[in-house]
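Okay, handing you the structure first.
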Amino acid sequence: MATRLRVAVIGAGYWGPNLARNFRSSADWELAAIVDLDRARAQKVADSVGGVLVLTDVEDALTDASIDAVAIATPARTHHPLAMRALAAGKHVVVEKPIADSSERAREMVDEAERRGLVLMTDHTYCYTPAVQKIRELVADGSLGDILFIDSTRINLGLVQPDVDVFWDLAPHDLSIIDFVLPGGLAPTQVAAYGADPIGAGKSCVGYLMMPLQNGGMAHVHVNWMSPTKIRQMVIGGTRRTLVWDDLNPQQRISVYDRGVDLLRQTGFETDRATATVSYRLGDTWSPALSEREALSAMTEEFAGAIRDRRSARTDGYSGLRVLEVLEAASRSLAASEAFTPVRGALAASV
Amino acid sequence: MATRLRVAVIGAGYWGPNLARNFRSSADWELAAIVDLDRARAQKVADSVGGVLVLTDVEDALTDASIDAVAIATPARTHHPLAMRALAAGKHVVVEKPIADSSERAREMVDEAERRGLVLMTDHTYCYTPAVQKIRELVADGSLGDILFIDSTRINLGLVQPDVDVFWDLAPHDLSIIDFVLPGGLAPTQVAAYGADPIGAGKSCVGYLMMPLQNGGMAHVHVNWMSPTKIRQMVIGGTRRTLVWDDLNPQQRISVYDRGVDLLRQTGFETDRATATVSYRLGDTWSPALSEREALSAMTEEFAGAIRDRRSARTDGYSGLRVLEVLEAASRSLAASEAFTPVRGALAASV
Amino acid sequence: MATRLRVAVIGAGYWGPNLARNFRSSADWELAAIVDLDRARAQKVADSVGGVLVLTDVEDALTDASIDAVAIATPARTHHPLAMRALAAGKHVVVEKPIADSSERAREMVDEAERRGLVLMTDHTYCYTPAVQKIRELVADGSLGDILFIDSTRINLGLVQPDVDVFWDLAPHDLSIIDFVLPGGLAPTQVAAYGADPIGAGKSCVGYLMMPLQNGGMAHVHVNWMSPTKIRQMVIGGTRRTLVWDDLNPQQRISVYDRGVDLLRQTGFETDRATATVSYRLGDTWSPALSEREALSAMTEEFAGAIRDRRSARTDGYSGLRVLEVLEAASRSLAASEAFTPVRGALAASV
Amino acid sequence: MATRLRVAVIGAGYWGPNLARNFRSSADWELAAIVDLDRARAQKVADSVGGVLVLTDVEDALTDASIDAVAIATPARTHHPLAMRALAAGKHVVVEKPIADSSERAREMVDEAERRGLVLMTDHTYCYTPAVQKIRELVADGSLGDILFIDSTRINLGLVQPDVDVFWDLAPHDLSIIDFVLPGGLAPTQVAAYGADPIGAGKSCVGYLMMPLQNGGMAHVHVNWMSPTKIRQMVIGGTRRTLVWDDLNPQQRISVYDRGVDLLRQTGFETDRATATVSYRLGDTWSPALSEREALSAMTEEFAGAIRDRRSARTDGYSGLRVLEVLEAASRSLAASEAFTPVRGALAASV
């Protein structure tokens, strides 16, 4: 093991303590400092990990040449200024999601990191769970074949957020995961979003998001704050197999079905689509064993690996940027009052 | 019990035998004849119900004054001409779904029945299952409150149909059920449909359909021929309670959750939406016992009741018409290449 | 394909029509006659399979030299006399379960068939389902390793039978399946049965049956007429893998878990049990695809195969005999008022 | 609120920190001290609750007149001496389960507490979960009617314990819960236990325990360390309704089924059992909402309530004693090599 990298955690609110605990217990990292304007809050986090330097001025961390990296866990609107200052000070940066409060500012961060040759990583924690790691692996090694469709459902009785709608609250999880597991990342050129606000909350509480995939496929995300039952499920259909991830079933989170539909094309002469034969595979189901590793532990390892190998992190700044771009397009789609086709004769229908 | 009504079943193919068997065992009906151009096929159905008159010419049934009604179970394109002739002959008519092969022809049938004061019923069989009957009852008696959203999923590894896409194959079930349980019936003025054809079948194999409901709510239908797992689920969210219908769980098909989100509005002065308080109910769950009655038996009873009471059937011609109008609008929406919003910067994204 | 064997079905009650239908559609068999004292009942079954000879006297079938075999589907008390006469007439015999109304009479049947070199088969239909066939295969090919324990649950809200208790009503299924899948068959030398009759039905309505397996293992069967939920589950634990069969989950009836407990023994010197190390395997889960074949179709094929190959059927007379012997021992165990150990001090306990 | 009671937690190992945290956050209690022979370990627990007196000699706590009670969370063999000394010092006592390492010593503790008029409570934590509290309530208010049978399953891939068998490891949970919810407590006069040790661990790894209930009913407990799937389920059948508790289903832990079997007895003249008519109820299912309260918080409240009201705690010393008595009887039953009935003819069976 090489010398440990030194990191300062900026922000001692909700997420900071988790970061501090995982950097502390990592073989790759030395936790160098906790930074928060509120010294008492920072001290409490420092105590919880057995003691570490407490700072109230972020400059003290940025000017400390022994510190290699910072982990930013502050409110979203401060991500950009803090990350830009840290990059300017030559520090590698990992930022809690969302990477910034707009794609424009996220792009500035990405460009700055690239110019300086520093690692800029988005902490898309879900991507580092054993389940999502396994999904990425199965897509990458061709077990599923080409991806035909993705259908993701993330619904429950949820808190109506004061500042964001259900898309911005829940869909970042689905989008960052799709970005992580697809070989080409999340790269839709267009989206369509439909939302409903049946309780008059002033924002969408039920939302549907559609994104064309390559080759005629489609990704669909259903987010909902009003469902009495909780569902966390993603189906990824491929040409070879279909994977179902049910995150609420600890006994069988991932199922890989060797079932599917194939279109058989005759070779040697042109086959009309209408005459192409469809066949069905009805094979076995397989559920891989998953490790029990904590996601943030794998995240900190990836951050260290990216710095040491001078490579992009798996969830780099671009992945954070792509998620923001899709969410912004979804908001524009909603603002355009969505796009419906009139039902003919409906108004005249006797009911 | 009044005198039994007399019915002829027209069509001895897939559905006719089921109709014949249920009319035969009904206390309301006397099965008068089986009509099919293919005498042998008609005879086989007649034998299976213990013997009944077999006819090969539909005119013989229509000119028989002792016959009150006909049940049409022939290919969709023949529904309109057969129904129009039957209505002209003064017979009440029940038609297998879809009521016709276009909404225009369906409207002619509806108008003709109305003009003649005859019952025209669509055999939306699913609506007569004990589960859907119970759902209608719970909506009607206010147990759910006002309907806020409907989310219906009907997916499985399905046969790719030669003549219709996944919307026309599967969504009629969801649409006829929504039409049946909503107090105002299925009355969207607009729809949006998104489909995917990732295997190059020449038609949508995965489909999503959105319809605004009154008061800001939305109905969403997901149909899919490519899912390795089978799901038949409808969630109906209301202001008072939310109902989940899981048709593949015979031990608990319907669950009524006394859980939900309420927006509390202060009275006495204008409340800004943003400051309205949201509250959560986390009450009991209740699963009503359902009868075991066969759906077609309830359908034949409703047909008789409508004729005797000179009223519309619950699934009358208009319900068949409304389903067709929504499907036609969905097809137009698809043909318009759907409606997407571009993702800014996406094409330039480094992946 | 060799010449078809000819079979007469004796008994046109509940099970006879199923046998007739499957023999009729089999490539191995020619359905020769339906025999029942009640000619009308026999005729109805004959009609339902498209017509076949109807007999009211079983002797007419037994003296017909063109008939190779009989399938007996009459009340249990008549199995012995009918089978003995058929064997005496040189016919191969398959008998609906239970093979006889006592193990003594079953043994006479088995001995008679053996003496005459005829096939005597018990129609343990469940053993011919695709799931049980697959389980037998997985046990036989060593996928599970040595069998350590079997736990079978067969509970639901059931009809309280007038003539038998819950053991005799439900446990024959579990016992015949265990007999079928274990390499050595169902061979316990002792059993213990515990029953409860909390509603005063005069017989056990809830029952537990324990049977030691070889090597310190145990089989346990729970049968219950009073459970509001229905469960049909069997767990078969082996040294290599453990199999769970959930017959009410059509999407995943069989799951094979590569999880288990191993006792590691050091070699080279004596290891005290207390110091033996236990290890845990936490591997993948696998669910084999199952065919959709009807069980009775596979049963008729096995009957033909046994006759043609002059071998025992997989569910031969001995398997029927073994099931009866275990049930009789269970009844004796119950009649002996079971065997309990007193709780010391319990009567004096202050409650 | 009256003055807070003062408590010392004895033992800073696995369970002590949980007790300390809950006493600390209770409105009823003031956490007075953490006692452990290992000062560093005690200090760590003290720090984790924000600081409290640390003691290494239990006498210092027992001689402190300001301390009202002690909570003992030390190894089982030390429960008796510590509790006896605490009672002698006039302290109320709550003891982690098992209350002692033998029923004889438990009885001494119970007698001592009674003589001195002090509260002696067993920390059967599971009984204070919202689910078990609700079950007790439903049994007590007659919602289930008279209890007919109880079937409890607690199986998973578990650690083979070095010092106890699967009965002593897992069944105390089931037994303490049954004791808690039955109006008369756990009061079997006899038990039968059957165990299997198929891996040669030197102790039962699979176990079945049967206990007659009053009125012909039976309780059955299945504990198993070798199951690849985890089940935590208890079915309580009553004359009016049946309850199923599935502790691994957070969305519906408790289901109350209004389904069951009734034996109708005719009045006016003697009815033979055989002619009594059975009827079936097929009513609704109901799942009560449960609070989210932590079990140990409710336990500390009950401990305070018992002291203040000078009454027995709900899980008093007797409940701990009864659980021990049943486990000891189960061990005797096992040691007697269980009680089996021979299967006649089995050895001669051809397999």
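For reference, chains read A, B, C and D in written order, and residue numbers begin at 1 within each chain.
Everything that follows uses one rule, which is that contacts are C-beta pairs under 8 Å (C-beta built on N, C-alpha and C of every residue); 3 or more make two chains touch, one makes a residue touch a chain.
Just so you know, these numbers come straight off a predicted model, no measurement behind them.
Colleague: Counting one step per pair of touching chains, how few steps separate chain A from chain C?
Modeller: Graph distance in the chain contact network comes out at 1.
Colleague: Looking at C-alpha means, what's the farthest chain from chain A?
Modeller: Between chain A and the rest, the longest centre separation is with C.
Colleague: For chain C versus chain D, what separation do you get between their C-alpha means, in angstrom?
Modeller: One centre to the other, that is 39 Å.
Colleague: Between chain A and chain D, tell me the centre distance in angstrom, where each centre is the average of that chain's C-alpha atoms.
Modeller: Each chain reduced to its C-alpha mean, chain A and chain D end up 43 Å apart.
Colleague: Going by the touch rule set out above, which residues of chain A reach two or more other chains?
Modeller: Touching at least two other chains: 229, 259, 282, 285.
Colleague: Under the touch definition given earlier, write down the residues of chain A that touch chain D in their complex.
Modeller: 229-230, 251
Colleague: Note which residues of chain A are touching chain C in the complex, please.
Modeller: Chain A residues touching chain C: 252, 258-259, 282-289.
Colleague: So in the complex, which bits of chain A are touching chain B?
Modeller: 103, 107, 148-149, 151, 157, 159-160, 162, 184-185, 187-202, 205-206, 208, 210, 212-213, 215-218, 220, 222, 224-229, 235, 237, 239, 242, 244, 257, 259-263, 273-274, 276, 278, 280, 282, 285, 318, 321-322, 325-326, 328-330, 332-333, 336, 338-347, 349-351
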